[in-house]
Structures are given as structure tokens and as C-alpha cells.
Amino acid sequence: MDESVRITAEQIRKLQVQGARNVALAAVKALHSLAEITKAKTRKDFITELSEARDLLFASRETEPLMRSAISWIITQVEDSDERNVTELTNLVCTSSQKFQKNLQVSKERIAEIGAKRIRDGSVIFTHCHSSTVTRMLQVARNEGKNFEVICTETRPAFQGRITAKEMLAFGVKTTLIVDSAARSLINNADIVVVGADAITSEGNIVNKIGSSTIALLAHEARKPFYVVSELLKFDPATLCGGYEKIEERSRDEIWKEAPSELHVRNPAFDVTSRDLIHGLICEEGIISPHSVAEVMHRVYPWVFE
Amino acid sequence: MDESVRITAEQIRKLQVQGARNVALAAVKALHSLAEITKAKTRKDFITELSEARDLLFASRETEPLMRSAISWIITQVEDSDERNVTELTNLVCTSSQKFQKNLQVSKERIAEIGAKRIRDGSVIFTHCHSSTVTRMLQVARNEGKNFEVICTETRPAFQGRITAKEMLAFGVKTTLIVDSAARSLINNADIVVVGADAITSEGNIVNKIGSSTIALLAHEARKPFYVVSELLKFDPATLCGGYEKIEERSRDEIWKEAPSELHVRNPAFDVTSRDLIHGLICEEGIISPHSVAEVMHRVYPWVFE
Amino acid sequence: MDESVRITAEQIRKLQVQGARNVALAAVKALHSLAEITKAKTRKDFITELSEARDLLFASRETEPLMRSAISWIITQVEDSDERNVTELTNLVCTSSQKFQKNLQVSKERIAEIGAKRIRDGSVIFTHCHSSTVTRMLQVARNEGKNFEVICTETRPAFQGRITAKEMLAFGVKTTLIVDSAARSLINNADIVVVGADAITSEGNIVNKIGSSTIALLAHEARKPFYVVSELLKFDPATLCGGYEKIEERSRDEIWKEAPSELHVRNPAFDVTSRDLIHGLICEEGIISPHSVAEVMHRVYPWVFE
Amino acid sequence: MDESVRITAEQIRKLQVQGARNVALAAVKALHSLAEITKAKTRKDFITELSEARDLLFASRETEPLMRSAISWIITQVEDSDERNVTELTNLVCTSSQKFQKNLQVSKERIAEIGAKRIRDGSVIFTHCHSSTVTRMLQVARNEGKNFEVICTETRPAFQGRITAKEMLAFGVKTTLIVDSAARSLINNADIVVVGADAITSEGNIVNKIGSSTIALLAHEARKPFYVVSELLKFDPATLCGGYEKIEERSRDEIWKEAPSELHVRNPAFDVTSRDLIHGLICEEGIISPHSVAEVMHRVYPWVFE
Amino acid sequence: MDESVRITAEQIRKLQVQGARNVALAAVKALHSLAEITKAKTRKDFITELSEARDLLFASRETEPLMRSAISWIITQVEDSDERNVTELTNLVCTSSQKFQKNLQVSKERIAEIGAKRIRDGSVIFTHCHSSTVTRMLQVARNEGKNFEVICTETRPAFQGRITAKEMLAFGVKTTLIVDSAARSLINNADIVVVGADAITSEGNIVNKIGSSTIALLAHEARKPFYVVSELLKFDPATLCGGYEKIEERSRDEIWKEAPSELHVRNPAFDVTSRDLIHGLICEEGIISPHSVAEVMHRVYPWVFE
Amino acid sequence: MDESVRITAEQIRKLQVQGARNVALAAVKALHSLAEITKAKTRKDFITELSEARDLLFASRETEPLMRSAISWIITQVEDSDERNVTELTNLVCTSSQKFQKNLQVSKERIAEIGAKRIRDGSVIFTHCHSSTVTRMLQVARNEGKNFEVICTETRPAFQGRITAKEMLAFGVKTTLIVDSAARSLINNADIVVVGADAITSEGNIVNKIGSSTIALLAHEARKPFYVVSELLKFDPATLCGGYEKIEERSRDEIWKEAPSELHVRNPAFDVTSRDLIHGLICEEGIISPHSVAEVMHRVYPWVFE
């Protein structure tokens, strides 16, 4: 098989590629690359090769619904085609790959446009961690001439909140950074809370950076609307079939490098925010109630369930 | 005036002395030292000197109810005495000072004994930040032969949770450390939550390390008893008269040394936990409802209100 | 353009026509009138005229989703038709207009029949403001021979509750009127709470007369089912695209004619009731969970999203 | 008409056949039997006979949505067929009947497989009453080699919890039985709560054995996920049209045989659990949010609404 | 008996004197007047006369704890005195009466000073109805140079909110008036909510103008501190002995003069706010938890319980 | 030692004497009996004998605060007396014993009178289990001529609700009995909920028959006032010192005599109701907030803390 797939899978495993979006894009590009240089002579061989690539990529990280849906969709194009000519099939993979990337980009822009309408001039936005979809949405709002402030948590252990802060300052937005524990003290100053998502479950819950569910609870307590900003393809069909969204546990070194060896360190990367704490899911289909997300998927992306 | 008072006030101002308990002890010792070397010849001069010392110490940090009550009590001993002989009065300050220190020690031990009874064998205790009263309580429980686990947050920005973790390991307690944002994910594993206090307000609310009120909310959400462990003299009589418990705002450097200069950094040191989230206040008078703490103070320490 | 459209738009602007239903009917009739007397000679001219009428009517009041959907639907009939004969097109507008009015009437009756089944003999119904769909529903229940009582708020500032009270008395229903502030004192006496709606958002929230969301909260606190009774076409597709449901602010004179000039008077006409406080949305499709209303719209009125 | 229908209706009326599933199966078999021995000579006569059977069976117990949907579906097969030959029509009833039974069995197995994935090794499951779908799900989890414990209530007045307990012990599961009132004391020990369902309303609420809604509330209070395990065909289309799910009131003798005659005894068999207390509905379509169940029905079983 | 008592009782009955404070002051003055012109010759006769005055005043309005405590206290002074000379006893009534009035004035000023400390510069205060203690408190804060805004409800049916609004404007405070039903829409803009009280129950609940308990609930929902500002003598000892705080029902004409005669109109003047919704009770003893108010009364006004 | 003490302790151990009140009375009578027949010749011997009796009685059941306080108080009378004559001391025990019994009776009557005032004519009272103080209170209300209904749970496993039902019927009260699990279905029909108490903790929580805390939660959910009716001496001073109120675990046979031997049966007799769910504690001191019960004890029964 193409080295590209192997290398990409390795990069994903080692967290050299991070973020649901980036992981999916890397995997899609690896398939594209595989299609360009495959030596398969028959439809059957090519499909076998694609299946092996899929297995490798799926095994690279436990829960990456966007990446999995992307790969499944591209391979399904080939399987569903009647074409027997391998060149045509490799072309199909390449165009499908490009189409997927394009669609993801279009979705992101559409989400940003929709979400930007919820950012009012003179308001204060509270956010947690870093999400390129969230920051793009805020950038669009800024470009529309709106003045607003952003409060962001530092987001331990990896301090992604600092990235958010820097981007906001670059957009000319007044920005305040706090430790995660100060969220309850500051959230009363905010008008609206927005976070991204790593996965969406069939019940309508959201998996996102550790601490997100606490922020959601605090927003609810302070009667502030809490929005999740995400592409619908973060939906994980495995949860529909009873699979728990597995929470990745990262290295103890991220938290305390010199920790005593007998100390247990727990470092879950994500937590689950209940649909009942989410005011709306801002996605490419508009602003929806997360309670109906599985039905929206059936309407918009029925192939996810195949 | 004695240099000791000036130095102590300076150390408190510069956070070289920290923790409500340590600050109060340092101030009390400074008064003791002042009494030992005073050159005052008359009762009136000595009282003037004491008043100046009080003003200096009170001005050293905005909210230190324990220290304030300690100093007020010692000086009141002198003012209430009919004694005119300065030597007798300095002796009175010294014995009062020792008495106060003794009482504080006795209170701590009594609190530890009472609280230790709430630690069940085989249970899991969740805590936040570092409180010497809390860790003493856990040590007593350990010394009684109980086996239990402790989960502690790292407590950003100053990582006091690491101190708690080290002490727990030293007591032979199985200990787990997490980032503050992971509290909601782990609190379901706990049986009981305990924290210390920096101040107690007249309405029965508790001022403690930033993040404590979020932990209390999460404990409530997960139906886990949340206890505050504190000497009653942390009660702040100024709140009774309408004074807000002022929340100290610390240096931005504690959070992010290399932060962009245009970034606002908010670093409140404490937050306020509502009495309604507190299962019980473990104090030297026993385990009480925080709703009645002002009446308990009237019964046990009526001089605080003078 | 036909004067009728201009006059209708003016009447809507000046609140001479009120209520989502009445506004929509007036606008639909204005289009009908326009079609009857248009002088347009070509399909293109007629469509231009219709577009101008639409712009005028849309501009007459900020948020009237039912009216907007009605007009859009009628004009779409013309645009989607291949017909080039203007007479045929004007006929199409007239029949579409009549069809819309008919459907609205059918929906109202269907809603009344469905909702009437939730009115139990011997029960007490609590309502707020005046909604012709709600009162029709109660009339149907009364006509079925059920005995029940109604408690209604007076509904400041315009006292629409008095209209509801008079209608109820005319139906022979024992009726009690209270000030809005007494809702919490009386709601425990009720078995069920019903209100109408001015708009439905994509997240499943309901926009209705100011005070409705408080009644919903009180119903929830007292564990009484809170129903919203509304045609599905009150759904506002603009909210799907991020548009906030704009809350109309009415004249200060409605509240206090002789108010001191330096006094600020805020007079928002509506508020937003969260889907989580709504037991069920009684609509022409039956009694549904508001959380899925956007998907119901996609199934029943897909043209709304075009 | 065939005696079988009459006898079955009688058995259902007298509670000799119990449980939504068993009642539906008995009714379906009665139709099958009717088809086998009918003496109808014409399509019209056969349909009349089927209609009479339907009326008899529908009248046997007030609320049995599964049975009603089953019968309606089978009869609709005949009505929708153009066939005039009675033999073919009786065959159609027989195959439809078998198909329905088969589908019900397949659904049950699919639900068990999906739900079993939510049972974690080493976890504690809390349940109420007895549901063959729930116990099948736990059996599948056990067969997968998972070790878990079950806590079950005795479920007054008919002690169905004892049946659950015996089945669990037979599967080799460590089982604890408690009185219903001890649920709040023990639920903190559980990781997950699962119950069955007798009916599902159009708003997404669940009708199940008396006490279920209290268990749901306690699970919510203790932050434990509460799952309802049920075939989608328990959905009751009558609720969509405003019909209240009627709660059966059983004999006072079930509660206290020797009760004084002047004592009122209320013995409601079921209660209603709000969708907001339900973490997920585990059904043949996967784990879904109950808020969207009516839309799921429209997608999967559209004939239910005809 | 003196006409003054009879006239005062009549004025109270006819609501010509209103407000717990004014009613108490009028009654106290009537006793003073009675003492000045009494023709009683013996201690026994004077006490009889006082008792008759008490009975008359107590009967004038159902629940006026402040008035009742005032009268009881004054008469108790006479009863507890060993004095037999009637002139001395009338003097005792006069000085007691003046003392009570003085104390009430001192309490009000002390409450205003304490409460004013909770009004922060730049903050927004939300209030309901009119309370002279609340407006005095805001005036003190204003006199201290603080800038703040006030939002007040109009307070149907008697529009006392307009009085509050006018006073605020006179103090130079930016003021916004809304209908009662708009409280939920505006309360998120406030920093703090303050209301007065008509009575305090032994459980710590507060009786105040109809609508107050809803405002308290909304404040709690929006996480805004809700303070009750009141003299402790509003405490009603009858509630301790099981007496319900009777809620006065006023004339239907206050709500709708031209109401149809067959319309029931309910016009409760007050409602009860639970202690759990009250952040603090601002009284002459400081800011306390209402949960301990009965113990505070035992400490400060033990004679109330005699 | 006297056989009476030994026999009484045995009866308590074997549950032949039940109910906090009955247990305390039996123990007090045993001391009385001991005093009557003691052969002690010296004060010292008599005190030793009393101490042995105390140890025996204390050991008879784990948590009986009323009995423990009763015995402690009687013995303290002897210890605090300077009397050396044994006859005088035995007389002291006898009079103390009678005084205690008398006081308990007076308290019960006073509680019944106070509580009866909260029973309104025409209202519905919900209760759980059987408490002689609660039924006495309802009897007093009935004797006052009030008509009301009672709903009572059967109270598994020992069906004490049937005793309550029979007593109510004997008082001529319309009574409804339900299974414990039906409480949520019926509580909306009630106006007020009342239960007794077995113990009161220092934090203000109440220990009562298993299921009480669920009833309290349901009352809170349905916004119905929940009262606890109890003598203050149920207060357990051991909880003040950190002692957990130990929950007695009774025999499995009470639940299921023929239970499979491998089945675990948990049968906790009591549960703990949080102070926050309790509207008021109806005790001999009046109706108080449970949050201040420890301070009430310090005021009324200070000897309990010695």
C-alpha cells in the first residue's frame, strides 16, 4: 500500500495531526494519494487496497467520527459504482476526496455565516478551548463590523485557550483570558457561550474538550444561551448502535511532568455535554435543537447510516 | 513602633505569608513581639502603639477576617482591662497572643477529629486546592486506620493541589490528580467532597480558592455531600454590616507570563460558595448548617460583633 | 401597484391589524386583490409587481413568520409555474390565496379538535393573553359538553385577558381573572396551562405575548403541563439561518400615558419560552415535542425552507 | 366469528395475558387463527369479519398501542390488496401475522444487542419491575462475558421485581432486591438505570409500571443515565391526536385484601415519565432522543399514522 | 375610649393608612393619644382601656405583625410595671410610644446604611412595588455618590411602582419602568434585586406585595442575588404557633371596574417568598440568612415571644 | 442491677418496643423502676448502678437519640445534685423520670395543637408511614371540626401505612391508601405533606422511615409544603461531633420470606431527608426552619450538649 496512508495513520496516532477536522482532511488526502499511485490492476484489488487503508486509518485513533464518515463515504462511492476500469475508479476516489474537502469547507463557511448572526454588536462571548469553526464564526462577525468582547479560558492542560486569545486579538477583538476555574465568576458578564465539538452522539449529546460540560452547566445556571458550533458529520453513527463515545485518556506528562511516580494522574481529553444544556447546535443545516440531530442526519446525510 | 509589625505587614502584603491561618498567626506574633519591646511608658501610649500596629496590619491585605478578629480581640483585652501599669498590659498582650494561638491550635485539632468521623473506610474523598485543616483532618482519619482514596484538582494558577497530593501520598493515601476542568468527569467516583475556607460571610456563604463554588455546584449536581472545613473565626463581621467580601485579584503573571500585552487577564483568587450548596460546615462547634453561622458566632464568640 | 397592498401594509404597520393570524390573512387578501386588478401584461411584469408587494408587506412589521410564509408560498406558485399567460397567473394567485386561507381555517379547526381532547371534564385551565386558536379549542371542548373553569391573567399592558374572559363567559365557562403578578399564587389551582404563539424558532422555542415565558416557568415549578397551541406555519425559517427573533418594542403610552418624560419605559411585546418548559406543541400535525419542530416542518411544509 | 378471537379478547380483559408484547402476540395469533378457519366467501365478508375481530380485541383493554398497531397493520394489508380471492386474503393474513411476529422478535434481539453495549463490565445496573426486553438485553451482555450487578425493586403491588431477580440469578448475575421506597438510598450505588415501556406518547413521554417516573427522577437527581428499552411500535398514535394515555386502575385487592371497606384504595398500574428525564430510548432504530420519536415513527413506520 | 383609637382603627380598616410601617406608627400614636386623655382613675381601669384599644386595633386588619408587636410591647410595659399611679402609667405609655417610634426610625436608618453598601457604583438594581425602606436605602447609596440605575415594575393593580420610579428620578437615578410580566426579560440586565417585606414568618419566609415571589424565582433563575430589606419586627410570632400568614384579598374594582358581574376576580394583595430564594435579609441586625430569623428574634427581641 | 433495665434493653434490642417515643418511655420507666428497688447504699454505688443501666440501654439499639437524651438527663440530675442520701437520690430519679414523661406528653400535645393550625378545612393531607405525633395532630384538627382527606402510602415492608389509615378512618376522615410507588401520581392532589421523625441531625436533616426522603423530593417537585412533625429531643448530639446517623438494616424476611438464598436483600429502615426539602419543622418551640435547629437546641435544651 501507499506509504502516505501508513504515514498519515502514524501521525494521527502520535497526535501530530490534531482536531477532528484536520484528522479527517489528512485521512481524505491520504486516500487521494493512494488512488493516484495505486498499482492495483482490477476493481477487486483496488477495493481490497482501499479496505486495508480504511482499517489502518480507523485504527489510528479511537473516536474520530468525521474521519470515519469521510473515508466510508469515499469508499462507498467506489463500491456503489458499476465501473470496472481501475483508472476510472481511482479518478472517482480523487474527485470524491476533493468533493469531500470542498463540502467541508463550504459547511464551515455556512456555519460561520449562520453563527455570526447570533453575535450581537456590543455583546460579550464566552468560549472554551480552541475551535477553528468557532473562531472563523467570530471572524465573520468581526468582518461584518460588529464590536464584541471575548472571554476565553486557558484550557488546561494544553492551553489551547491561548491560541483562541491570540486569534481574537489578531481580529481586533478585546479579549480576556482566565483560568478554567474562574469560569463561574466571569460567565455572568457574558451574553452568550459558544464552543466547538469533537463528536455528536445519536441522543444529541456533544463530546468536546474536557471542561466543556462544566461550562455548559454554568451557562445554564446563569441563564446564558450555550451554543455548539459544528459540522453535522461529527455525528458518530456508532453511538446509535449502543457504542459509548470512548473518551481518550492522554499522557500524565501533559499535566505534571515531575509528578511523583506513585501519584495517579487522570487526563481525560473530552467530556460529554448533555443535549439539555445546549441552546442550539449551529451546523450547516442551520440552528437546530440537538434532540433531533439523528433525524436531521437521516434527512441530510442518509449514507452515514448504511 | 516595633520593626516586627512593619515587617510582618510587608510580608503579608507581598504574599510571603499566605493562608488565612498563617497570616493570622504572623500578625498575632508581631503583636506579641511589639509588646515585648515596647518603649511606651503609659497605658495611653501603649494603646496608641497597638492601634497603629492594628492599622498597619489591617491595611496589609484587604480581606483577612481571621487576622482582623485576632488582633481586635487581643487589643480589646487591653482596652477592657482597668490596669494602668504598662508592664502588666504588655504581659496581657503576650498571654492573650499565646492564648489565641493555643485556641487556634485546639480548634484545628477538634475540627480534624470531628471531620475525620465523616471519612468512611473504603470511601473516596474529592478536594480542591490545599487547606492545612483539611489535610490534618484526613491525616487523623488515616491515623485511625481508615483506608480511603483522595482525588484532588491541580488548582490553577498556583498548583496548590500538588501540595495536597504530596501530603496525601506521604500519609500513605492512594491519590489521583486531575486538571480543574475534569472535576465533573471524576466527581461521580467520589463519596464526599471537602474544602477549606478563607472567609465566612454573615449570610452563611463561604469564600475560598477560585473554583471552589464550581466544585460545590458539581457535587450538588451529582448528589455528593459537600463539606466546608473551617475555624469559626474565619467569619467576617464586616459582611454583616453590608460589606462585600472583596475578592482579591492577583497578578496576570501567575496565569501566563508571556501573555500578549494587549490581552486582558483576570485572576480572581477566590470565589463565593452559596450556603445552599454546603452540606455542613465542620467547625470547632461541630458540624453545623452554614445558614445559622451568624447565630453560632453570637453564642460562641460574641466579642467579634463588638 | 394596487392600493390594497399599500393600505394593508400601512394597517399592519400601525397595528390596526393585529395577531399573527389576522396579519397573514390581511396580506393574503391584499395579494388576491392585487391579482384581480393588476394591469401587468407580461409574466415578468406581474412577478415584478408581486415582488414589490412582498417587499412592502414584509417591511410592515418586523417579525411575522406566518404572513411571510404565506406570501412567499403564493408567489412561489407563480414563479414555479411555466404558465406565461398573465390571466392564468392571476387566477393562480387567487386560487392559491383562497387555498391558503382555507388551509389556515382547516388547521385551526384540527388544532381545536386535538387540543380539546386534553381538556378534562372538571378541570381548571390557566391561560395568558388572548389567542383565537386557544379560545376556539376551549369552545370545542365546551361544545363537547365538558365542564371546566378558566383562570386568565389580565395581560398588561393592553388587557387582552379581558377579551379571553368575556369569550369564556359567553361560552358559559366559569372564569376567574387575576393580575399577571398573581399567576404564581393561582397556578397551583390549575390542572393545565395553554397559550398561543406568535412565532416558533428553529430550536423549538416559542415567541408569544410578554409574560408567557414566566407563566411557563411557573407551570414547570408547579408541575403543571404547559401546552402551546399554534399553526405550524408560525415557524420562522429566518431563525434557522441564525436570525434572532426580533422582539417588537411598543409605545410607552401603552404602559403609562402620563409618565415623567425622563423616565425610561421599556415595553417589549413578546418574550421567548424555551422548548424545555413546553409539555407539547398542539398543532395541525398533532401534539408534538417542540424539540423536533424543524424536522416536522421539513416533512410537512418543505417549501418553507426554499 | 372464530372463538379464538373471543377467547383471546376475554383473556386480555381478565389480565390472563399480560405485558404489551404478550398481548400483541396473542391478538396477532388470534387473527391468524381466524384466517385459518373463516367461512367467509367474499372479500367483503372477510373484511367485515376482520373488522369485528378488531373491534373486539381493541375493546379488551384500554391502552395497548402495540396490539392495536399490530392488528391495524395486518388488516390494512388485506384492505390495501386488490385480491378478491378469499383464500389468498386469508393467506395474506397468515403471512402478515407471521411477519409481524418475526419482526417483533427481530426488533427485540436488535434492541438487546444495542442495549448490551451500554452495559459496562464491572458496572451496577438499577431496574424496576420486569421487562422481557430489559432482561434479554442483560442476558446478552452477560453472554458477552461481562460481569455486572443488578439492583431491582420488588415492585409493589404485584412483586414483578422478584421475577427479574430470579432471571438475573439464573444468568449468574449478582442481584440485590429492595423495597420500592429504598430506591433513593441505593441508586447512588448504580451506574445506569434501565426500564421497559408499555406505551410511548407523541410528545416522547413513556408510560410504564407505576413507580417508573419516580425512579427516573431519582436517577436524574443522582446524575445517573436513565434508559428506556422498548420496541418503537409501543408508540401510541392516539396521543398524537390529543388522546390522553389512559392509566389503568387495577383492583384494590392487589394492594390490601382485608382493607376496611370504607377505605379508598387507588391502584394505578402505570405512570408517565417525562422525556426530559430519559437519557435515551433504546429501540430497534438505535439509541435515540425520545424528543424525536414521532419523527422516527414517520420515517420507519409511516403506516402507523394512516 | 378615646376617639383617636376608634378613628385610627377605622382608617386602617379602610386602607386609608397603608404600609406595615405606617399602620404601626398610626396605632402607636393612637395609644399615645389615648394615654394623654384617658379618664381612667385606677391602674386596672387603664389596663382595661388599653386592652380594649388593642382589641380594636388588632381587629382592624388581619395581618399586621409590626403593629401588633408595637402595641403588645407598649401595653406590656404597663403590665410589667409595679406602678399603681395612673399618671405615671400614662407617662409610661407616652414614653414607650415615643421610644418605639424612635427605634423604628433608627432601625430604618441603620438598614439603609447597611444595605447601601451592597449597591455598587455602576450597577443596576431591580425592584418591585414601593417600600420606603428600600427607597431610603437607595437614597443613601445615591448620597454616597454612587451612580446606579433602577428597573422597577409598575406593580399592578395599584401601580405603586410609579411611586418608586418618581422617587428614584427625584434622587437623580436613571430609572426604567416595565410591566410586571416583563420582569423575566429585563432581570438579566440587573446586578441585584431588592424588595421590602410586609411580614416575616417563623420559617424565614417573607410576605410581600403580590408578584414578589415570582421576581425572587426569576432572580434565582438568572443567578442574581435577591435581598429582602426589612425591620426585624415584621416578624410575625403567630406563624410560630402554626398560624398561617393570612393573605388579604382586596376589592375586584382595583383590577377591573367594569368587569362583567359573572366574572370571578381574585385580588390577593401579597404572596409568600420562600427563604431559599432569598440571598439575605437586610435588617437592623445586619445582613442575615432568613433561615435563622426566629433565633435572631429570640436574641434581639425576646419579648415578642411572650 | 434491676431486672427491669435488662428486660427493657432486651425488648428494645428485639424490636418488641418500637418507635423513638416508645423506646424512650420504656427506658425512662426502667430507670424509675431501678430507682425504686435499688439496694445501693451510697451515692457512689447508686451512680455506678445508673451508669451500668445507661450502658446497657444505650447498647440496645444503635440510634435512639431521644432515649439517650432522656437517660442522660435523668442521670445528670443525680450527678449534679449535692445530695448524698441515697433515698433522696432515688426520689430524684423517680421525679425526674416522671417529669421527663410529663414533658414528652406536653410537647406532643403542644406540637399537635400547633400543627393542627396548618390543616385547612377542605384540604388533602399526604403522609407516609405511621407517627403517633402526626396522627394526634390530625386528630386535634378533626376535633376542631375541620373536614379534610388523608392520602397515605402503605409503607413497605411493614405496612405501617395501614395503621395510619385505620386511625384516620376511626377519626372519621376520608382516607385513601396507595402503594409507595404511586406517591408521585397522587401527590399533586394533596395540599400539604406531613411526616414524623426518628432523629434530627445537627445540620438540620431528618432521619425517618425509608421512603420519606423520596416523598420530600416529590413534594418539592410538585410545590407542596413538606412538614416534619417531631419533638426537639429527637435531635442527635452525636451528629454534631461528626457521627453519622447510622441507618439500621433490618431482616430480609421482612421483604421476602421465600427469597432465593443467593439473592442479596437490602432492607434499610430509614433514610435522610435534607433540610432543604423541609418547609418547616413543627416542634414544641413552634414551626421553625430546620437549618437553625442546633441553635434552637442550645437555647431550649442546652444540657443535651454537655
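In order of appearance the chains are A, B, C, D, E and F, and numbering begins at 1 in each one.
The criterion applied here is as follows: a residue touches a chain if its C-beta (ideal position, glycine included) is under 8 Å from a C-beta of that chain, and two chains touch if they have at least 3 such contacts.
None of the values given here were measured: they were computed from a predicted structure.
**Q** Quick check on the contact graph: shortest path length from subunit B to subunit C, in steps?
**A** 2
**Q** Under the document's definition of touching, what chains do subunit D and subunit E have as common neighbours?
**A** Chains touching both subunit D and subunit E: A, B, C, F.
**Q** If you fit subunit D onto subunit F using the CA atoms, what's the rotation angle, as a multiple of 5 degrees?
**A** About 180 degrees of rotation relates the two copies.
**Q** Hey, which one of B-D, A-E or C-E is the same interface as D-F, over half the contact pairs lining up?
**A** C-E
**Q** Count the C-beta contact pairs for B-D and for C-E, then tell me which is higher.
**A** Comparing B-D with C-E, the pair joined by more C-beta contacts is C-E.
**Q** Per the centroid of Cα atoms for each chain, what is the distance between subunit A and subunit F, given in Å?
**A** That pair's centroid distance is 58 Å.
**Q** Report the inter-chain centroid distance for subunit E and subunit F in whole angstrom, where each centroid is the mean of the CA atoms.
**A** Roughly 38 Å, centre to centre.
**Q** List the centre-to-centre spacing of subunit A and subunit B in whole Å, with centres computed as mean CA coordinates.
**A** Here the centre of subunit B sits 44 Å away from the centre of subunit A.
**Q** What residues in subunit C touch two or more of the other chains?
**A** Those would be 221, 276, 289, 291-292, 295.
**Q** Tell me the shape of the graph of touching chains, choosing from line, ring, star, complete and other.
**A** Chain contacts: none of line, ring, star or complete; other.
**Q** Looking at the whole structure, which two-chain pairs count as touching?
**A** Applying the touch criterion to every chain pair yields A-B, A-C, A-D, A-E, B-D, B-E, B-F, C-D, C-E, C-F, D-F, E-F.
**Q** Of all residues in subunit C, which touch subunit F in the complex?
**A** Answer in residue numbers: 188, 221-223.
**Q** Enumerate the contact residues on subunit B facing subunit A in the complex.
**A** Result: residues 153-157, 162, 165-166, 169, 174-186, 210-211, 213-214, 217-218, 221, 247, 255-256, 259-260, 262-268, 271 of subunit B touch subunit A.
**Q** Could you list, by residue number, the parts of subunit F that touch subunit E in their complex?
**A** That would be residues 113-118, 120, 276, 279-280, 282, 285-289, 291-292, 295-296, 299 of subunit F.
**Q** Can you name the residues of subunit C that touch subunit A in the complex?
**A** Result: residues 202-204, 239-244, 275-276, 289-295, 298 of subunit C touch subunit A.
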